[in-house]
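Heads up, the next two complexes both have chain A, just with different partners, chain B and then chain C.
On to the complex of A and B.
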């Protein structure tokens, strides 16, 4: 039988890779050829739709990778999808469990209205068609953290179908060109989350916490319209921003509120899609991109070396940077789907079909929700570009960094400085300091008001821009001093006294007659040298344009 | 993996598996192969390695097979007697939970506030070592 042998081969290779990366003593010996090769493949990986394989033989085709995603987003709600127990991250184990969540006999599911509305909102924001009638099904698994032995989901008729997500990928040499791409949304379904299992290997037992069991999930299924890890990661980031703008999910990957499974295959262009593998449980954007790109290269390597791709589930090992087969998912699962007998169909209404005199707590009106959708990230970005004249890529950065947009808007509100100056300072200086110290916007020692005051001083020519940088540094490390305070304390204010400045200019010209002669002989660039000398004489407290004006007058240029 | 099948094969003679087949219905031969049994064991964490367990499965299949005697031609399947009822919607309030002690009373074993379960279908070798599941 070919399959087990191949799988064995995989396991051996994994060890080789682990050896090279993990233990240095292996590195000195003759390294395993594959491992080295594999590492090279990884480092030279480029996000291109068509990737030429490592050692192309004569006349060999290129490979086209295909990536589809299944994303689980935890719905942001007070209570669970079918029970009245609380939804909360990191509560004491099994404290948020109702009898229904623990699958005690005789308990029945009661659908949470909020979860239905969240699904409709998300569907509308992703341009889906909302099904006015959707159905619930049971999907069976045997896992200790799924006490009922099945998950209630929407397999046959989900709540939303046929949508589109638009996202922007940075391209070009400086990565400053935004290319708009789209991915089709196959469907969005409402389903239950499972509990959490902690595997206690030494004692050969599993500890089960059912706090998460029954929390409402939105499963968003994306068609295989993506071609590399970066595209997938960017599409997920855009979905995350949309969910957060809607408030339908907090979508925090680190807390497991957004979990991504990727379906990956490679084929030659013009030929049918190849056999796909599924990489499970990708819980950070960086690992998502890495895992997908690794898996694409692994499949190409496998196929070019006479191997075969198995339709299997793999997981990403973030320490080794590679995907490995998941042993507990071997073989085809039979989920034994069946209609959920305890839940009648979910019927939604629009303005036309809304029955007269219906109890407003018992009907969900699609049109009502559509009219009240909050502003979506794409609209926010367009507005930023139009309102403040910023470049599209700047609007992407403002939204992508958590809290940066709110910070920017507060500064804009409180300062008299031009939006362009604010954009420049927020995206370069402020963000630069944050990145350098690995801080989030909320951890910044500089408040929006402090930066706003500083920029007002800069805009009013009270200080020079180099002095402003100095003040910013002081604000960052300082102890609650205001910008104005720092300016007066360090005497960083620009000289406002015209006469004094004229005297400085006069003195510099007298001390440097040779430069003055140069200027008079037509070397206009020598003026810059004089400006520099005057600034130095004023300890950088003079505005270069003011100096230039005085010098030009005095030299009668 | 193959050792597992081998063990099964040793314990239960092949003719035993033939005995599993129910009266062949109109859909399918009713044959259950050793692979199917192994797969079911794997999914369900149930050990069919005893005569009683196999008999129980046989009885269950025979019981369910009687459904095939009913003529359902031209009848639209009914999913639920509630299928033309309105689905009641609950408002998003927290009204349950905070009863870990009560819920954990049902557990065979507890560690701190966790349920303790067998190690799960991680690998066949490990499943082999664990105690029988409470499914029986």
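On to the complex of A and C.
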């Protein structure tokens, strides 16, 4: 039921894509427009220098920054939280709007079971206590993309509380040490998303798209257990992986499916927390880390220079790389919460409380969902370490890059090469190429099968390691040729003919008597020089190990 | 001849036997709507829709494929129920010109039974009022103002100078629906009941007014006043008609999560012959000083009637009754403030010409769109919901509401089957008298016997009992256990039969009234038993 029907309800004079003049203030709760595609930037975020906020400067008090997060994750569901309209990103404006979404008088909310299940799954994955009874509330504020004048949320009694999220931060000189940290989850609540306002400043108009109005959100509230931008960004990344593993949210920050507000304050250790500011609408992990670190530094600077921190809402200006106060007074407005009278309490069951003969379509059973939870990222990482003898930090990298784990697993499946070799190639060569060209895994010109074939050749000593690099380069820029094809075309295969190789060795020794003498005089390093010369003579097609064997035999070492 | 004689069976039997066709019946009603236009009962008359539906109904009858008792029966709907393709105004500037794209569930259910929609009836703006005097389309006049019974009594008294201001109010807020049924322009009408808005005008217009249990009938499409108390109400000329309508409307609606899931059986009303096993409670707190002596005496007689027929009649106590009005005020205005937030001029309804800024547009739109009563309630409600006031007002009011509901529970748990109370303090008063007090005062006074029922979600029915000394109807209210609507209706039917309330005589209102009433076909449909 889309815009055309909606227009009927407008007495034919105005559609939901309403033009509102002069509505140009900042927006609360959600980004105004489309975010830049930050996914790939974010993946390279891990090896950033640790910020210096915690480190006291000489002769100064030590400052302890405190960071808490409120994260809105759009629930991955076919229809909206309280209406039957579909959920799609980038559908034509106002094409996914039911009578309820447009707040036609007399319409009532009907809770989407799928959204409830998604909230329970997420709660369980974050080690929360699931409330068997939760309530819905109305939160009031006037805005053009909030048609009812209130948002239905769970302010008093949310669906899940008291959880823990564990995440790993890289530390050490080479940033190859994973330190496990935790952040407490205060609560997870179900709520409605708002529509989108597109401000057309030159014409002083605001265009409203209600496609997003009423889409289900999970608001995850994290306690202020973090101390810097990197921790926050890493915790958000871990949450993102969990949501994606559960399938409860696509959690794509670029598409606004994951949006983060950060609460930031600084104080001296042992003293009460400082006044906090809220930085809103952070829609990339990189900006999140930057905004938090900037805000911490700003607050310290303010306080050290006799200023004071206002309890205010700020936004992050990604161009200037700093936070600025949001000028509207919305942050301080009274939301006049009240119970949503049209929704009875949301009651969940477990194996013990499930009424006999209950229709499984009518009830949500927490235990049933718990038993069917998919594998979580932490378990996947442990398995990688155990199964393939991989370093923990490698398992983190594999999961952090979108699609990289699946790529790795496909290669493993199709190659005879050792897992260590595969890990090495996927994380260094393959990922290196992607990063260099700013591509995602799915955009890679090299398929898992092609890499698998290459690694099989390398593992079977058909080609040398350096030849393999050359083949990979060909595959990357390639014209659809297979690794074997490239090897034969460029004659990159290792010499398999023992006699021919022996002849090469003999010839090199004859041509370089001085080096042979050096070896015989006990300079064993000179052997390496001979090996290099043989390889050069074979145009790098010989396996150095095989050459060494022959040389050692011929020199009777 | 009594109102109770206008039984549904006669109407539908007439249709079935072909004594009158749906089109003829529809035209009779349309003609009466025109003749009684000055009552201001209807905001919109859907003549074309009704005639088209009548035509279809007629085809079904001719094929012997009638959809049931309601096929071809004219009904009216209060103008706060959404009707697809038909303007729905809530008697407010805010919704003038608003045409909903969907039908309220209750409207759809009646249409599905083949009933004919005659039009949308007048009300207080957004159903906020107890007189049907505060709508943007003007006040509704009580048909009894023009009845032979009332006029005859008045001749003994000196007439007032300004005869025009002498007409009586219908009560409200469903006054248009009540006037429509009372003036024979339809056989049933939907009202809404949040604090008594169906029962109050039913009592003042000599009709049966049923407020079903909260959760029994879908609210989907009813433009809300107070979601947690609103119930679609039914106004008819007899209890059996109300039962038939309720049978059609009741049941779970997937579009209203507050409707009960238990399957609902059709409401067949056996005639009660023996009330000796019945326990009737008389709440002592309802004997208030403002209660007119006449109503009090009729209430007392009704209690005696039950007792004389063998029922156990006992005095009971609902100790928190006196807190009901103030509690209702807080809860009602709070929900109103919230529910009215959507009327911002953006998606539908009125929008002002001011486009200086979004905020200025909101403010001007809402100032122009709502009357003082609505704006006043929004203001109070937002005050009660402020963070600093929420605990002291809203939470406390909710607690009091629970106490009021518990009062009823205690009484019913003690073995009482039904409560018998007055519906209103007195009979209908003249408009000129009514407007001496403001809307808030009137609402607080007039809802006194009806409102606690909405807080508790119980079923209640107002049944006309007798004419007052002035020749005006007086109604009494029965309150039942939650979801025992059928038992309530059975008792009401028994009572209705005992009291033999007289039919309204509108000869002086409609010049050819007797021709209509005595018209052979019409009479055989609506007046013979």
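Some points to look at:
Everything below uses one rule, namely that the second predicted complex is superposed on the first by the 494 of 557 C-alpha atoms of A that agree within 3 Å, B and C clash if a C-alpha of one lies under 4 Å from a C-alpha of the other, contacts with A are read in each partner's own complex, and residues count from 1 in each chain.
By our rule, a contact is a pair of C-beta atoms (placed from the backbone, for glycine too) under 8 Å apart; a residue touches a chain by one contact, two chains touch by 3 or more.
Predicted, not measured: the structure shown is a model, and the values here were computed from it.
Touch criterion met: A:341 reaches chain B and chain C at once.
When both complexes are overlaid on chain A, the residue A:206 reaches chain B and chain C alike. Of the two partner chains placed by the overlay, neither chain B nor chain C lies in contact with A:463. Of the two partner chains, neither chain B nor chain C is touched by A:303. When both complexes are overlaid on chain A, the residue A:150 reaches chain C alone and has no touch with chain B.
With both structures placed on the common chain, the touch criterion links A:104 to chain B and to chain C. Counted by residues of chain A touched, the larger count belongs to B, out of chain B and chain C. Of the two partner chains, chain B is the only one that A:113 touches; chain C does not reach it.
In the superposition on chain A, contact is made by A:142 with both chain B and chain C.
Looking at the shared chain after the overlay, A:547 reaches neither chain B nor chain C.
Across the two superposed structures, the residue set of chain A contacted by chain B and also by chain C is 99, 102, 104, 110-111, 142, 144, 206, 208, 334, 341-344.
Across the complex, chain A meets chain B through its residues 4, 77-79, 83-86, 92-100, 102, 104, 110-116, 135, 142-144, 197-199, 201, 204-210, 327-328, 331, 333-334, 339, 341-347, 361-362, 364. Interface of chain B with chain A (complex): residues 1, 39, 42-45, 79-80, 82-100, 103-104, 106, 109, 111-123, 126, 129-130.
The touching residues of chain A, when paired with chain C in their complex, are 5-6, 8-12, 14, 16, 18, 20-23, 25, 99, 102-111, 138, 140, 142, 144, 147-150, 206, 208, 334, 336-338, 341-344. For chain C in complex with chain A, the touching residues are 81-82, 85, 88, 90, 95, 97-102, 104, 219-224, 226-228, 254-258, 334-335, 337-338, 340-344, 346-348, 351, 355-362, 382, 385-387, 390, 394.
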